[in-house]
Each structure stands twice: as structure tokens, then as C-alpha cells.
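Every chain is named by a letter (A, B, C, D and E) in the order it is written, and numbering of its residues begins at 1.
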Amino acid sequence: GCAGPAGGQPTAAVAASELHLGYFANVTHAPALVGLDKGLFAKELGRTKISTQVFNAGPATIEALSAGAIDAAFIGPSPAINSYIKSKGASVVVVAGAATGGAALVVRSGITSAAELKGTTLATPQLGNTQDVALRSWLATQGYKTSITGGGDVTISPSENADTLKLFEAGTIDGAWLPEPWVSRLVLEAHAHVLVDEASLWPNGAFPTTVLVVNKSFLYAHPQTVKALVAGEVDSVNWLNAHPTEAAAAINEQLVAVAGKGLSAPVIERALANVKFSVDPQAQAFPTLITHAVSAGTGTQGSITGLFDLSLLNSILTASGGTAVSAHGLGKE
Amino acid sequence: MPPEVIAQRDPELDARGRTDLRTLEAGLDALQTGDVSSRSGVRRILGGVVPPVILVIVLLLAWQLYTVVAHPRPDLAPGPLDVLGSFGSAWTSGRLPVAVLTSLQRGVLGFLIAVAIGTPLGLLLAEVRWLRRALGPLISGLQVLPSVAWVPAAILWFGLTDATVYFVVLMGAVPSITNGLVSGVEQVPPQLRRVGTVLGASRLQLATRVILPAALPGYLAGLKQGWAFSWRSLMAAEIITVGGTIGFGLGSMLQQSRELADLAAVLTTIITILAIGIIVELLAFAPVERRLLRRRGLLVATAVGR
Amino acid sequence: MTVAGLGKRFAAGGAPVLDDVTLTIGSGEFVCLLGASGCGKSTLLNIIAGLERPTSGTVEVASGNAAVMFQESALLPWLTARRNVELALELRGVRRDRRRNEALALLDVVNLADAAEKRPHELSGGMRQRVALARALAQDRQVLLMDEPFAALDAITRDLLHEQLELVWRQTGRTIVFVTHNVREAARLGQRVLLMSSRPGRIVNEWRIDDTGPRRIESPEVATLAIEITDQLRKELRRNAA
Amino acid sequence: MPPEVIAQRDPELDARGRTDLRTLEAGLDALQTGDVSSRSGVRRILGGVVPPVILVIVLLLAWQLYTVVAHPRPDLAPGPLDVLGSFGSAWTSGRLPVAVLTSLQRGVLGFLIAVAIGTPLGLLLAEVRWLRRALGPLISGLQVLPSVAWVPAAILWFGLTDATVYFVVLMGAVPSITNGLVSGVEQVPPQLRRVGTVLGASRLQLATRVILPAALPGYLAGLKQGWAFSWRSLMAAEIITVGGTIGFGLGSMLQQSRELADLAAVLTTIITILAIGIIVELLAFAPVERRLLRRRGLLVATAVGR
Amino acid sequence: MTVAGLGKRFAAGGAPVLDDVTLTIGSGEFVCLLGASGCGKSTLLNIIAGLERPTSGTVEVASGNAAVMFQESALLPWLTARRNVELALELRGVRRDRRRNEALALLDVVNLADAAEKRPHELSGGMRQRVALARALAQDRQVLLMDEPFAALDAITRDLLHEQLELVWRQTGRTIVFVTHNVREAARLGQRVLLMSSRPGRIVNEWRIDDTGPRRIESPEVATLAIEITDQLRKELRRNAA
């Protein structure tokens, strides 16, 4: 029972009694981890209860959003784009950014240049996820043919990150394009080395790694709740950028609480050095992501105009004296 | 000539004839329904149970001996004692009981829903000829489809929720149950229908007093297969759909043990799944089926272990 | 009971199975219908019983519906002998409290009171047919149609059941139409024997036997009649060889 | 009295008797083996095929109408045309043919290996009584275990390789095939064995000329079930074991389509899996079975669509 | 053929099924073994055929093994009539090139040359039993044991098969032991009729019939004998009622 935003002012809309938030137990989702750890979301949400669900892959998160099991989620940009295009704009809206950077191609010793990748097997976290698309499109620029059915000059084998570590240690695969902290784990625990840092492929080194999305219908029904969520995230990102030394401990605390196991100090330090936290979703990068996904065969061409609704974020940012972020013509600002 | 006249024509001869016939028939009946001396039930069951149990014990001993003598990598070939230990710890930690309860509850609930859907559907198909001709092949076709193929679609529709699990279980079990009922009704001997008609049964009486009881064995077979499919589909669904709000079942435990590379726990779970399958079969279906078949004389008194 | 000009085809354009069958059977008569297998005896019986519809002609049973007994006893296998009989009583409309005693009385008529609580599979073939006879009697119809009721039994049992059936007939005065392909059985039981031809089924001959009380199947009168009928029957068979 | 004397006693009467008997028997045979006029095969098949096809078309139209009228979210409820488009693009891109070929090849190879293992095992069990009593219940028990439960263990043993897939397929199919053969041999009427013995067959002749041909229908039923289990297990294994060096099969495609949130592709794959199941059944098993059963008179000429 | 002091128990401590059965059958004789069902006729025949071992006593068949014919034809359902007969020839050791003709000749003896290429399920019950007879003849043994071979047939077919069997017997001079519970069948066919008692099975009576050529089942001599045997048999039955 919620009225639409017909009157311009969504006065009829009420705050949701509960907000279901999904995220990964992962360094690139630190704004979620810290926000929960420090109670920043709860503080902003007030009477609205927050309940969380931990995922380990983007597709499952999107499925939960589609099925209405969660209302908002921290997620990589590729699944968000994919869902938006497949649903013809009906599924999700990006309301803020969360993290940028922190992905790289790591390979075994003995491979020092792109030319030596021919005939190798490389892993990615999941078919069609942000890193998978990145690897495929980068390989294409290097002149390699790949296929999502597994053939080609370089075999890409989407595997779970934990499996990837094992497969790499066993010598079954020659490298992987991974997000943090797996890049750091492979480097520090399995003696891999970074061949390509994804940051080097983007202008200014800025590319989106994690964004905050909400169900479109939820946004229409409960804009205040979403605004509170975004406000909590802004606080969280600000805290992370203000306390770089305490961040590792706070993140690890949540990891232990959620996944039962934390990360070693060197891994988390190396990981945090590569990930930047920012509420700017880097909208300008999204069209490039689509082009990459389409050429890699994991995505379909489609319009993402309307994917962004940064109006809530910008009102918060400007109210606190910050600068607004741009949707680059892909939605409300 | 009215019947009474015939009947009274020679009452004395008649009475003599009757007594003589009575003795003759009694003699013949005694000969033809002689004692079918069968081995005692307990001995028969023992004869069926003992050999496989001995074999299992021998296999376990050989396995233990192998791990002791050959010292294989314990993560790739844990011994029976490791598995036992893993079972013990999974049990005391409460993980195993939770998983068993969750899975059993889902399996039973899913099965019951499947029965609730499959039975009226089966009755409808059995009764309405054109519907059976049109829908029957589709339902038989669905039986060919591995229900695990529904998992990805269900996940997209229902997300990682229990609804996904139930959907997959239903897609596995409903066709079996429906088909069992339809073929049970189809296999009712036409003779029995004729008997019902001749005895003057109405359409409803024919259905409830003759056709349904006669179709029961086929229906029961369908139920049994439906349960097997429920259980299979449930395990598949639980293994694939981890995460989300999905509760922790045996399939989840299997997948979790795999992720922890804990082969002993994997084997513990496999054995538990097997044990539950066998126990449900033995406790829930076997007695009903045996009673039903015995009442109809369809159960030949053969040794269990044949 | 009157059957007039009865014809029956199963397929629309197929050969007729029955062709112009006309017969009249008086009340209390014991009529045997004799013919080679496949000549249409069961079809005729089913039409009289109302289980099938004739393609042409009419059937009129003065006393309403008929009771039927089949070759295989067709007892409901999940009911005991008594409950099988009770079902017939119930469907006839007998009140619940009287059913049990009546069923037991009927089972006693066929000397099966002791086996009342046994299920069909625990009974021998002969006992099953006697339960079926009791059930047919439970229907309390004047006409009893029997389709080779004893064909599946061994000869000793069959002879006893002949006596049983005759006793029942004499006691109850039912009209019985008894289908068989056993010439001696027909000659032993019937007051009238009707011989059917094959393809199409017609009634081609009829014999009447004076009822001088029960007769044995080995008796000379049965033998004489049997020889005569057999010769006729064989003539029919030879006709089909051509 | 030597037989010749009897035979020659009255040659003329004898000859007359023979001719008469010959005519009589010919007449009786003609009556009893009359033309069983059955509906023509084509019409029967048409009668069985047309109603479900019409139903499918109606369902498709209703589905399309729903998507046109109700405008559901296209990622959660694609229309039939979307699915058709997805099928076309998957086919032209080569993904679908690769997946079909890979899966079919694995399924067939796995099934053949299962036959090669299950057949001798079944023969052994059928022949050696104590082995059957000991091992039989274990193998029946294994049939109760969902073969998907073996996937996690197989992954730990064989890693993410094709060996894992084949192992799971074998664990699904071998028990069915073995059990089919054993129960086929068990169901050989004892009468046939006696006939063989009476005719003077040696032990080997009895096995090859009497028992094996008689056990064929049961064996075939086992093979059919074995194939169904192979295909089910294969799909489960392919869906679960993604990554590593595992080739791209229909299960992988299903999982991939799920990950790309592409429900149209998921439905395309489900329909392909169903179609392959039905086609293999129709092309490989049905004709063999029908021929076998018809030769034994076990196939009642009923309408296909019953 | 001599059977001496034969006894048989199935369970170690159970009641004996056969007890002290002694009989001698001459070459070329046609002996009918008559008894109520379950009295041990099949058991006795199986012991003579070597399919079962006696608990005590001896069986001696002068001419070696015996051919056997069962109640259900027990043809191999996947072989045509001709191949069924050929199998018997093959197992007897007949050379491959002669089998076909010999099989066809044997089928002609039972008037089935036309149905040689049909499979059992395409044949009527009577035709199947005739194929089984041809197969038994193919074994070329002096002794032919028959266990209720015509019990499952309808009466008309049975009568014809009686004539067929008698013809074969007269032409080939086989020794035939024919088990039945049909008194008239025994009286119609046998040169000697042996009556067996039940529980335990013993030979309690014996009738000899002068062979004056083929006789009809309806003939007075058969009837007289049948009456006599039936009375004896019923005495046996009454004994069991007690």
C-alpha cells in the first residue's frame, strides 16, 4: 500500500519497517562491512530494522533482488548492468558508488608478458562478472580469441575464488583476474605476481568495483528509507577514508563474524592499498563496461539510461557541503 | 412351473444330495487350500539381512586396513574411523541433526504438497479422457527431464529461498505421482468395472468402491517413486542453491564440506543421505506396500534377500 | 426373456459378430449356449446383461436386470468372501444390519460358511467360483447369466460345481443362461441346449432335454446327446476350414 | 507288442482319421486365430500425437498472449518468442551445438561404460547366489542414493575434471543396469529352465539359449532406467561442477545462463534437455523395446496416446 | 520303465508328498495317472523325468531319458514354432542342414505346417500345445511324460487333441504317461488308468482297458469306466473331508 510519486513530493510514502540488505564478505564491500560494524546504517535508518544477507556472487545477489528477498545490495557493476538491460530497466537502480579499483590479473612465475599467455588457462570469479568481462575484453585487445564455452587461444575457466586459489596452487591454472583480497592472497600465499593492474587500463585509474543498488520498486515505495541507507553508506565511506589504519581491524572483525574466518594482516593491508572507497559510482565508465561485455559475449547490447538515481546521494552530499557526483546522462542526479 | 414346485419336488433326495455334496466339497477344499508352510518371518528377514551386513563389515575392515597399511593422503582417502569421528563431531556440534531435520522436513513437506497436487491431477486425467490424451504425454515427458534442470530457472524466479527448493521438488515428484495414479486406474482390470456395473453400482460407487481400491497399488508405486524423486531433487537443489535465506540442509552440508575440502564430512553426509533414503523406504513405504499386496495375494512369499 | 433380431458389429464397417439372433427363454429355464471360441457367446451374454449395446434388434428381460457370473471369478481381491457378497447386498439396497447374516447364509448355500473371512487369493479356484455364485445369488435377480463359469477349473472341481449349480437352480427356480464350449457340460446341465455358429454368430440348432431330475455327466442320456451335438459342432468346424 | 504293429493295424481307418482330424483342426485354428483387426499404425500414432501437440500450441499462445497483455518483467517472464530468439542466437553462436554435443558425448560414453561395468556385474550376481544375497541389497540401496550426492566427493577426488562427471554418471547408472539384469534373470519363468533341462541343454546352452534371451526384457528395462539416470546425473554434475578443465555441456550452459540472469536462455536449455531425453527414448530405446516385446507378444496393441 | 518304493518329502521333517510309489510301465503303453490336485502327480512325473530327486526309492527308465510336455506349452516365446522344434533337434544333436526339414515334417504331423513361422503368441492355445507335442516328438525319446497337457484348453480343442495324441501314439508306438484330473479324459485315452490318493500320494487303484481301437469320449465304455473311477475318487475326497 504505497502511493506513487505522482504529487512530486512523496508524502504518502512511508518508511519501510524493515530493510533487507545484501553484500559480500569481501574487502571491496568494506563500506557495507564497516557500516554494519559501526552501526552507521542503523543510526540513519532509525525505526527501520536492517537485516542482512551475505552473498558470494553477483548473480545470486541479483536473483535475490529480483525475487524480492532483499531490497538493496552492494554489488559489482556488471551484474547490475546485466540485470538492468535484461529487465528493460525494471529491476534495479544504482543509488551510490562504494569502491573503485582493486582488481588485477595475477599469473604464475614464468609469465612476464601478455604474449606468453597463449595456450594458458586463466580463472575468473564468475562468468559475466566484472573481472570476467575485464579479462575477456583485455585479452581481446591483446589479440587473443576467447569463448564463453571454454575454447580459444586462452581458456577462461570461471571458478569460485576459493577453488581458484587451490587450482592455482595445484598448477591446474596459470593465472586469474580477481578482485581483492584474492589478488593479494594469490600474490602473498601462492607466489603469483601481478601482470596487469586493472587500474592501469582506465583513464585516471578510476573504474567502479562496487556500487550500491536498490530494487526499483522499493525505491519508489520507500524513498526515505533508501535515503537513510545512502546516508549510512556516506558515513561509512567517510569513516573508512578518515581511519585508514583502523579500517583493517574493523573489516576483519566483520569477516570473522560473517564468514568465520578473517584475513591475515599482510593480505588485508595489501588489499586495502589497492582499493579506493568512494560514493561516486563512476557512471562514465559504465558504457565502456557494456561495450566490453558485449564484445566478450557475456552481455547484450541495451540502454542503461535511467540506471542511476543519484538524487538522494547528491542531496546528502550537498547538504553536508560536499560536491555532487554526476550520472553522466544515465539517470537522475 | 413356479420355482417352489421344482424345489419341493423331492426334498428327501435333495437333502441327501446336499449333505453328500457338502462332504465332497469340504474334502476338495481341504485338499486345495492346504497349509502353505512358509519359513518363519524372523528367519527369512535374518537370512536377507545377515549376508549384506557381513559384507559391509568386511568392506569396512578392508578399507580400514588399507588406510593403515598404505597410508594414503588422509584428505583424499580418510579411513572409516575418520568418517566415524567426523560423524561424531558433526552430530555433537549440532550441524548434522540440524541438516537432517531441515532436509527431512523439506522433503516430507515437498512430498506432501506434491501428493496434494498430483492426486487430484491424476484423478482428473484418469477420469477425463481427452485431457489424458492431451496432457498425459506432456506429464510423461516431464518425467524424462532431470528435475535438477529446473534449479537455475527456479533460482531466477524465486531467488535463493526455500520456494526454489520446493519448486524443484514439486517438478520432480508431481509427474510421478500423477502418472502412478493414472496408470493405476488404467490397469484396473476391465472385468472389475463390469462386475461393479453388473452389481448395480452408480458412477460414484463404481469409482469409490471398485476403481480407487483397485488402483491403489499403482498409486502407491507412484507415491514411492514420487518420494524418491522428491529426495533426489531436494539434494540436488540444496547442493546448488547455497546461500541466501536457504536453511542448512544435508545438501548444503555436503557442499560446505566440499568447500572445506573435508572428505570425511562429505562421506558422513553421503552415508546419512543414503541411510535416510533406506529408512524412509523401510519405515514408511515397505509396510504399507507389503500389507496392501498381501491383502490382495500379490505378494509371493519369497525370501527377502533374493 | 426375449431376444429378437439381435445383430452386433464392433467396427463400423466390419463383419458382424452376431447376426439376427432370436430366442425366447421362459422363466425358470436352464438354457445352455454352446459354440466354438470366438463365435460371439460372450458378446450375446453381455448384450443381454446390458454391458454392451446391440447394433440392431432388441432384448427384453421381463424381470428387470440380470445377475452375471464371469469365467474368472472377478471377486474384488481386497475384500473377504463375506464382504464381497455384502457389497452385492449393499448395492442392491439391503439394510446394513441385515447384510452380514444374509451374506453368511448365502455363503452357506455354497458350503463356504467356514471360509467367509478369507480373501480370494486364499481360496482355491473352485471356492472362488462358489463365492461368485453366492454373490450372484445376493443380487436376487430372476435371471442369472453365466459366461463359462467353470472353464478354468479342474475336472473334479467342475463336476462338483455342476451339482452345486443344479441344486441352486432347483432350489431357487432361477432362469439360467449358461455359456460353455463343453458339449458334455451343456448336455449335463441344460434343459435346452442352443448351438451357435461362428462368423457370424447365429443360433443354428436346438436340443431339448426332459428334466427327469439330476443326471450324471457320465450317464448314457448325456452321452447320446453329446454325440449328436458334437457331430453338429464338428460340421460347423469343417465349414470354417474351407 | 512292438510299436510298428500298432501303427500298421488299420492303415485305411488311420488315414481317414488323419484327414478328418486335419480338416477339423484347420477349422478350429481358423476360428481361433482370426484377424485381429487393429487400427492402422499411422492413424494410431496421429491419434496419440495430435492432442498433446494441440495442447502445447494452445499453451504457447496463452503464454505469448500473457506477455503481450500483462507486460511482465522480461527478465522474469520472457515470452515464447524471446525463448525462440534466445534459441536462435545460442544456436548460431555455436554455444548450443557445442553444449549438446559435449553433453551427449559424455552421456553416451558414460552410459556405455556403465553398461560395460553393470552387465558383467549383473551376470555375476545372477549366477552366484551368495554374492547376490550379500551384494544385491547394497546395490539396491545405492539406487536410493541421489547420485548428485556423489558430486562433492568426486570433486575432491578428481578435481574439476571430466573424471568427476563420469564418476557421478557411473554411480547413477551402474546400479540400475545391474539390478535390471539380475531381476530379468530372476523373472525367467522356472518353467523355461525346466524345458531347457528336459530338452537336454548343457549349463552353458541353458544360459545362452534360454535364460539370457528370456531375461532380455528386464535387462532392457534396466538399460533404459540406466540411461535416464545417466542423463539426470550428468546434468546435475554439469551444473554443479563448473570451472576447472571441465568442458562446456548443457548443464554448464544452464548454470551460465543463470549467472547471466538470462531466463530465456535457461528455458532454451531446459527445453533442449527435455527434447534430447525424449528423442533418445524414442529413437534408441522405444524401437528396440517395441520389437522385442512384439516378438514375444507382450505388446498389447493399445493406442499410443492412452 | 520301473518305479520302485519311491518316496518324496520337500521339507526335511515335513509330511511326505509321495509315499512308497511302485509301478511298472511296459514299452508302448499309454498310462493315465489320475488324482485330485495337489496329490503329487507332477512331483512323481518330475522325478521320473529327472527334474527332481526322490527322497527314497529308485526310478529306472529302460530307454534312457524321457521327453516331457507341460500344462502351459512352455514354448520359448521369442522363437517361431519351427525354431522351437529345431532347438529340440539341435540339443539332441541333429545336424544343422537336416534340422529345418525335420522340424517341418514334425509340425506337419500335428497339422501345423502352415503355422511354422508364427511365434507362440500368434497361435491359439491348442496350436501351442501341438507345437509342444511336435517338440516333444523331436526329442525322439521312447518315453513321453505329459503333465496335464490339455487342462488349459477349451473342451472342443481338447477333444481334437485327444484324437491327435492317440494318432501320434498309435503311429509312433511311444510309451506315454499322461497326468490328468479329468476322469473321462483318462478313461478316453489310457490303456491303463492309475488312481493316486492324496497326502501322501500313493497309487490306490488301477483299471485296465482293452485296446479295441480309437474310442469316443462319449462312448458307453468310457462312461461306465468313468462312473466307476469317479466313485472311487469321491471316496478319496470324502476321506479328506474328515
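Observations on the structure shown:
The rule we apply is simple: contacts are C-beta pairs under 8 Å (C-beta built on N, C-alpha and C of every residue); 3 or more make two chains touch, one makes a residue touch a chain.
What you see is a predicted model; the values in this text were computed from it and never measured.
Identification of common neighbours of chain A and chain E yields B, D. Relative to chain E, the chain whose mean Cα position lies farthest away is A. In this assembly, A is the chain whose CA centroid lies farthest from the centroid of chain C. Separation between the centroids of chain B and chain D, computed from CA atoms only, is 21 Å. For this pair, chain A with chain B, the centres built from the Cα atoms lie 48 Å apart.
Chain E has its Cα centroid 42 Å from the Cα centroid of chain D. Distance between chain centres (mean CA atoms), chain C to chain E: 31 Å. Contact of a single residue of chain A with at least two other chains is seen at positions 63, 66, 160. Across the assembly, chain E contributes 36-37, 156-157, 237 as residues in contact with two or more other chains. Of all residues in chain B, those that touch two or more other chains are 24, 26, 28, 32, 155-157, 261.
Contact between chains, per the stated criterion, is found for A-B, A-D, B-C, B-D, B-E, C-D, C-E, D-E.
Contact residues of chain D toward chain B in the complex are 47-48, 51-52, 54-56, 75-76, 130, 132-138, 141-142, 144-146, 148-153, 155-157, 186, 228, 231-232, 235-236, 239-240, 251, 254-255, 257-258, 261, 263, 266-267, 269-270, 273-274, 277-278, 281, 305-306. Touching chain B in their complex are the following residues of chain A: 53-56, 60, 63-69, 160, 162, 166. Those residues of chain B that touch chain A in the shared complex are 155-161, 163, 243-245, 259, 261. Taken in their complex, chain C has these residues touching chain E: 36-37, 151, 154-157, 159, 180-185, 216-220, 223-224, 226-227, 230, 233, 237. Those residues of chain C that touch chain D in the shared complex are 11, 14, 36-39, 198-199, 234, 236-241.
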